[in-house]
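Next come two complexes built around subunit A: one with subunit B, the other with subunit C.
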Partner chain A sequence: MGLLLQDVDKIVGREVHLKDISLDLAAGSRNVIIGRTLAGKTSLLRIMAGLDRPASGRITMDGRDITGVSVRKRSVAMVYQQFINYPSLTVYNNIASPLKLAGIDKKQIDRRVRQIAQMLHIENLLDRLPAGLSGGQQQRTAIARALIKETELLLLDEPLVNLDYKLREQLRLELQEIFKRRKAIVVYTTTEPAEALMLGGNIIVMDQGRILQTGPAPNVYHNPITTRVAEVFSDPPINYLEGSIHSGKVILGENICFTLNGRMSDLEAGDYRFGVRSNHFFLNPNGPGDIKISATVELSEINGSETFIHIRHGDTSLVVQNEGVHQIKIGSAISVYVNPSRFFVYDKQGLLKSSPTGRIHQTGAAA
Partner chain B sequence: MEKWQDNRAWFLVLPVFVIVAFSAIIPLLTVINYSVQDIFGPGQRVFVGAEWFKEVLGDKRLHAALWRQFLFSGLVLLIEIPLGIIIALTMPKKGWGASASLVTLALPLLIPWNVIGTIWIIFTRPDIGLFGATINKLGMSFDHTASSLDAWVTLMLMEVWHWTPLVALLAYAGLRAIPEAYYQAAKVDGASSWSVFRHIQLPKMRGVLTIAVLLRFMDSFLIYAEPFVLTGGGPGNSTTFLSIYLVKIAVGQFDLGPAAAFSLIYFLIILLFSWLFYQALQNAGKGEG
Partner chain C sequence: MKIKKRAFILGFYFFIMLLPIYWMLNMSLRTNADILNSFALYPHNPTLSNYIKIFTDSSWYSGYLNSILYVSINTLISLITALPAAYAFSRYRFLGDKQVFFWLLTNRMAPAAVFLLPFFQLYSTFGLIDTHIAVAFAHCLFNVPLAVWILEGFMSGVPIEIDETAFIDGYGFSRFFMTIFIPLIRAGVGVTAFFCFMFSWVELLLARTLTTTNAKPIAATMTRTVSATGLDWGLLAAAGILTIIPGALVIWFVRNHMAKGFAMGRV
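Let's turn to the complex of A and B:
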C-alpha cells in the first residue's frame, strides 16, 4: 500500500524531464529525494501531486489508479522553495484557507489553526500579513498551511533552501519531529547530502531525470552504487584516484602502492577508480596501514569550524576536510594520509565493486 | 576642517537643484506671483491678496467644469481599470500570441494626442465616418457636435480606446511577475479561479495598479488636446473640462490673475486626490477574511 509509481516518463517538447521512474513509497514513510539542480526532483513532485500528467506510466495510491486524477481531487499538500502565501490574507486566514475551501465549520477551523500555529511557533503572528514577516516566519506559515489538512501525501520541494543557516537547522529539527507524528507519506527534496542524512528515512538519488539508487539513508551513503551517486551524495564532493590492481598490489595515483587485503582481495586485476570522502583524509597517519599522498596545496578555505584544503596530486585534485581552523600556505607541499579500508572501489563503468562496509546493496535501479 | 570637506558633497546635488529650479520651482513661483497681483502691463501692478482665489472659487462655470471633470475622471477609472485587468488576464502568456497582442495593444499609445482627436472626428462623422454613419444607418441619430450625450460617448470611447492599453500593459506586467508556484499552491489547495484572482493576482498587482490608477487619474484630470480637437468644449459647455476652461480664461480673456489662482487650485486638487488614491490603494484589501 502507499504511493506506487510504475515506469513514469515525463517529456516536455523534446526534452526528457523524467525517465523510467518506478517508486514504491510505503504509507507513513519519510522519503528524501536528493539530486543536483535540474535532476528532475521538482518534476517528480509535480507528477506525484497531480499538477502534471506523466507522458506514460501508472500512479496508484493504496491500489487506486490516480494517474489522470487532477490535483483538486487528490489528498495532497505541498510546500515550495519560495515562500508561498496568499499576500492579502493574514497568517490566520492563510493557514485556514485549505479548510475553508473544504467547507469545514468555523469552530473546528479555529481549533486546528491554533493548534498548528502553536506547533510551528507562529501563534503570536496570526493577525499579521505575510509581507510583514521574516523569511523563516513566512515559510512556517506555508508549512502550517500544508499541514492543516491531514493529507495522504505531503510534498516539500527544497523548503529550507532560501533560509539562512541557523534557521534552516532549527526548522529542520522541528520538521523531523512533525513528520514523525504524521501518518502521511512525506516526500522531501534537497540538494544537500547533510540534510538528506539528517532527515533520514528513505533516500532516492536522482540525476538527469532518472532514479540512480534508492534505499535507507545510511545504506545509500555507505554504498553509493555508481560514481554518479557518490558525487551527488557527498559534500564536499567525493575524491577519485585512478589506479589499477595487478598481482595482489594496488598502484594508485603517482606511485602510491599498497598490498591488497581484506574485502578488496577478491577484486580482479584491471583498472579501477578509488573514491574516498574528504573527511577520511588526515594530515597525520592514524595507523601503520595508512597510505601517504604527497601533494601541493592549491587552496584552503575555512568553512565553519572546518578547513577544506584543496590539494593537487599529479593530475588529480583532491579535497581534504580538516577539523579546526587552520592557516595553510598556498603552494606549499603537504602530505595527507588515508586508510585503504576507506576506499570505495569503482570499475571503469563507474559501478561500485567494493565499499568500506563490505556489503553492496543492489537496491533500486542501477544506471 | 574635515566638516568643510564633507560638505562638498552638496555640489553633487547642485545640477539637480538647478534643473528642478528651472523646470518646476521658478515657474511655480511665477504662477504664485500672478495669482496675488493684478497686472495691467509691464511695471503696472497692484497687490490684491486672495481676491483672485475668492473670485475663482465663486465662479459658477468653474464649479460646473470641476464636476464635469470629476465625472469624466471617475468614469475613466471605472471603465479603464477593470477593462485593462480583464484584457491582461485574457492575453496569451507566451509564444507569438503574446508578442502580437502586446504590439497591437501598444499601437494607440504611439499616436500623438491631437491626431487622436482628428481620427475620431472622422471616425464619428454622421455622414462619412465609419462609426457615426453606421450608427445613423441603424436608425439611431448620432452627432457629437449636436448632442452633449453623443459628445460624451464619443469622448469616453476615444479615451478608453486610447488609454486602456496602458492599464492592460501594466496589469500584464504585474501578472507575469507572479511566480508559477503561487498558482500551483492554489491548485493544491483546491482554490477556484475567482479566489486565485481575488487572493493572488489582485494583491500581487497592487503595485502596478496603484501606478495605473494614479497615471490615469492625473492624465484624465488634465485632459485637454482630445476634447479641444474633437468638440472644442461643446456642444454648449458640455465638454468644457477644467483645462479647457482655464485656457479660455488665460488665453481667450487674458485674465492672468484668476487663471494663475485657478491653476494653483487645480494643482492642489490633483495633488490631494493622487494622495488619497495612493493611501487607499496601499491599504486596500489588507488582512480581510
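Let's turn to the complex of A and C:
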C-alpha cells in the first residue's frame, strides 16, 4: 500500500529528466529526496503530483493506477520553493480555498482554518493579503494551504530554501512536528544533508535523474553505497584518498602506510579509494591508531563556530572541519590525524566495500 | 535658472499641444456667423446653442450613441476572445504557436482599406450592413490581435505555479480563470480595454463604409453635415469637443494601469 512508482521515465525533448525510477513509499511515511540541483528532484515531485505525465512507467496509489489521472482528481498537496499564494485572496481565503472547493460547510472551514493558522503562527495575519507579508509568513500561508486538506500525498519542493537561516531552522523544527501528526505520505526535497538527516524518515538519494540509494536516513548516511552518494550526502564534501592494499598493508596517498585490521582485513589486494568525512579529521592525534597526514594549508574559512581548513596532500585536496574559530596561515605546513576505522572503502568502480559501521545495506539500491 | 528654462520649454510645448483644442472649444461656443465675421481669441458672446442643437437633434446625438454602442460591443468581444487566446499563448507550447502569435500581429500591419472590399461584400451578403455588430466585428480585425499581444505579456508575468497550485487545490479551469487569474491581471485587462476602445473609437474608414443611417458613427455624421450654405463651423467644433470627452474620460480611469502596462513593455 502507499505510493508505488514503477520504471518511471521522463524525457523532455532529447533530455532525460528521470530514468528508471522505481519507488515504494509506504502509507504515512516521511521521505526526503536529496540531490544536487538538476538531479531531477522537482521532476519527480511533479510526476508524483500528477502535474506532468511520465514518458513511460506506472504509478499506483494504494493499488489504484493513477498514472494518467489529472492533478485535480488526485488527493495531493504541494508546497513550492517560491512562495506561491493567490495574491488576490486574503490569507484566510487562501488557506480556506481547498476546503471551499471541496464543498465543506462554512463553520467547519472556519474552525479548521483557525486551527491550522494557529499551528503555523499566522493566526493574526488572516485578514491580510499575501503580498504584504514577509517571505516566511508567505511560505507559512502556502504550507497551511497544503496542510488543511487531509491529502494522501503531501509534497514539499525545497520549501525552506528561500528563507533566511534563522527562519529556516525554526520552520524546519515545526514541520517535523507537523509531519509526525499527519497520516499522509510526505515527500520533501532538499539539497542539504543536514536538513535531510534532521527530518529523518526515508532518504532517497538522486543524481542526474536516477535514484542512487534509498533507505532509512542513518543507514544511508553511514553506508553510502557509491562514491557519488557519499558526495551528495556530505556537507562539506567527503574527502577521498587514493590508495591500495598489498599483503595486509594499506598504502595511502603520499607515503602513508598502515596495517589492515578489523573490518578491513578481509579486503582483497588491489586499488581502492578511501573516503572520510571532514569532521573525522583532527589536528591532534586522539589515540595510538591514528594515522598522520602531512599537508599544506590552501585556504581556511570560518563558518559559524567551525573552521573549514582546505589542505593539499600531494595532489589531493582535503577539507578538515574543525571545532572552534581558528586563524591558520595559508601556505603553512599542517598535520591532520584520522583514525582508519573512519574510512569508507570504495573499489575502483566506486562501490562501497567497507564502511565504519561495518554493515553494507543493499536495500533499495537502484543499481 | 535651469529649472525655469525647462519649465518654459515644457510650458511652450503644452501650449502648442493645447492650442488646437482650445481653438475648437473657442469656436464651439460661438455662432457660425460670429466665427466667419471676426477673429477672436476668446468668445465675446459665448453661446451653448451648438451643444443644444447636438443634444436635441437625433441625427446628431444618435451618432454618439451608435459609436459608443459598437465600440463597447467591440471591446467586449475583443476581451472575451483574447483572454483565452492569450492564456493559451502564454501557458502552452503547441505546433506553430510562435508563428500564429506573430501572424496575429501582422493583421495590424495591413491598412484597413485592404479589408474594406471583402468586408463590404461579405457583410452585404449576410445583411449585416448598417448594424452595430458589423462595425464591432470589423474592428476586431485589429483589436483582437492587439488585445492578445498585450494580455499575453501580462499573463506571462504570473508564475505558472499559481495555476498548478490552483489545480492541485481542486479548482476547475473556468473557476480558476475567473476568480484567481483575472484578478491577477486586472491592470492588463484595463489597459487592453482602453486600447480596444481607443482604436475602435477613432477608426473611421470601416465604420463609415459599413454603415448608412442606423449605425452611423459620430465621425461620419460630422463629415456628412455640409449644408448648401457651407460648413457650420460652430456645430462641427462642438461635435469635435464632445468626441474627445469619452476618450479623455477612459484615459483618466486607466491612467494608473497605463503606467504599469508601459513598464511591462507590451503597450
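The criterion applied here is as follows: the second predicted complex is superposed on the first by the 365 of 367 C-alpha atoms of A that agree within 3 Å, B and C clash if a C-alpha of one lies under 4 Å from a C-alpha of the other, contacts with A are read in each partner's own complex, and residues count from 1 in each chain.
Keep in mind that, in the parts below, a contact is a pair of C-beta atoms (placed from the backbone, for glycine too) under 8 Å apart; a residue touches a chain by one contact, two chains touch by 3 or more.
Computed from a predicted structure; not experimentally measured.
With the C-alpha superposition on subunit A as described, subunit C and subunit B clash in the combined arrangement. By the document's definition of touching, both partners, subunit B and subunit C, reach A:76. In the superposition on chain A, A:102 makes contact with both subunit B and subunit C.
By the touch criterion defined above, A:90 lies against subunit B but remains apart from subunit C after alignment on the C-alpha atoms of chain A. Of the two partner chains placed by the overlay, neither subunit B nor subunit C lies in contact with A:219. Using the contact criterion defined above for the overlaid structures, shared-chain residue A:354 touches neither subunit B nor subunit C, since it reaches no partner.
Legend: residue contacts after superposition of the two complexes on their common chain; A:139 is shown touching neither subunit B nor subunit C. In the overlay built on the shared chain, the residue A:127 is in contact with subunit B alone; subunit C does not reach it.
When the two complexes are superposed on chain A, the residues of subunit A that touch both subunit B and subunit C are 49, 51, 71-72, 76-78, 80, 82, 84, 86-89, 97-98, 101-102, 142, 145. Subunit A makes touch with subunit B in their complex at residues 46, 49, 51, 71-72, 76-78, 80-82, 84, 86-90, 93, 97-98, 101-102, 127, 129, 142, 145.
Of all the residues in subunit C, the ones that touch subunit A in their complex are 159, 161-162, 164-172, 175, 180, 183-184. Every residue of subunit B that touches subunit A in the complex is listed here, in rising order: 179, 181-182, 184-185, 187-191, 195, 199-200, 202-204, 285-289. The part of subunit A that touches subunit C in the complex is made up of residues 49, 51, 70-72, 76-78, 80, 82, 84, 86-89, 97-98, 101-102, 142, 145, 149.
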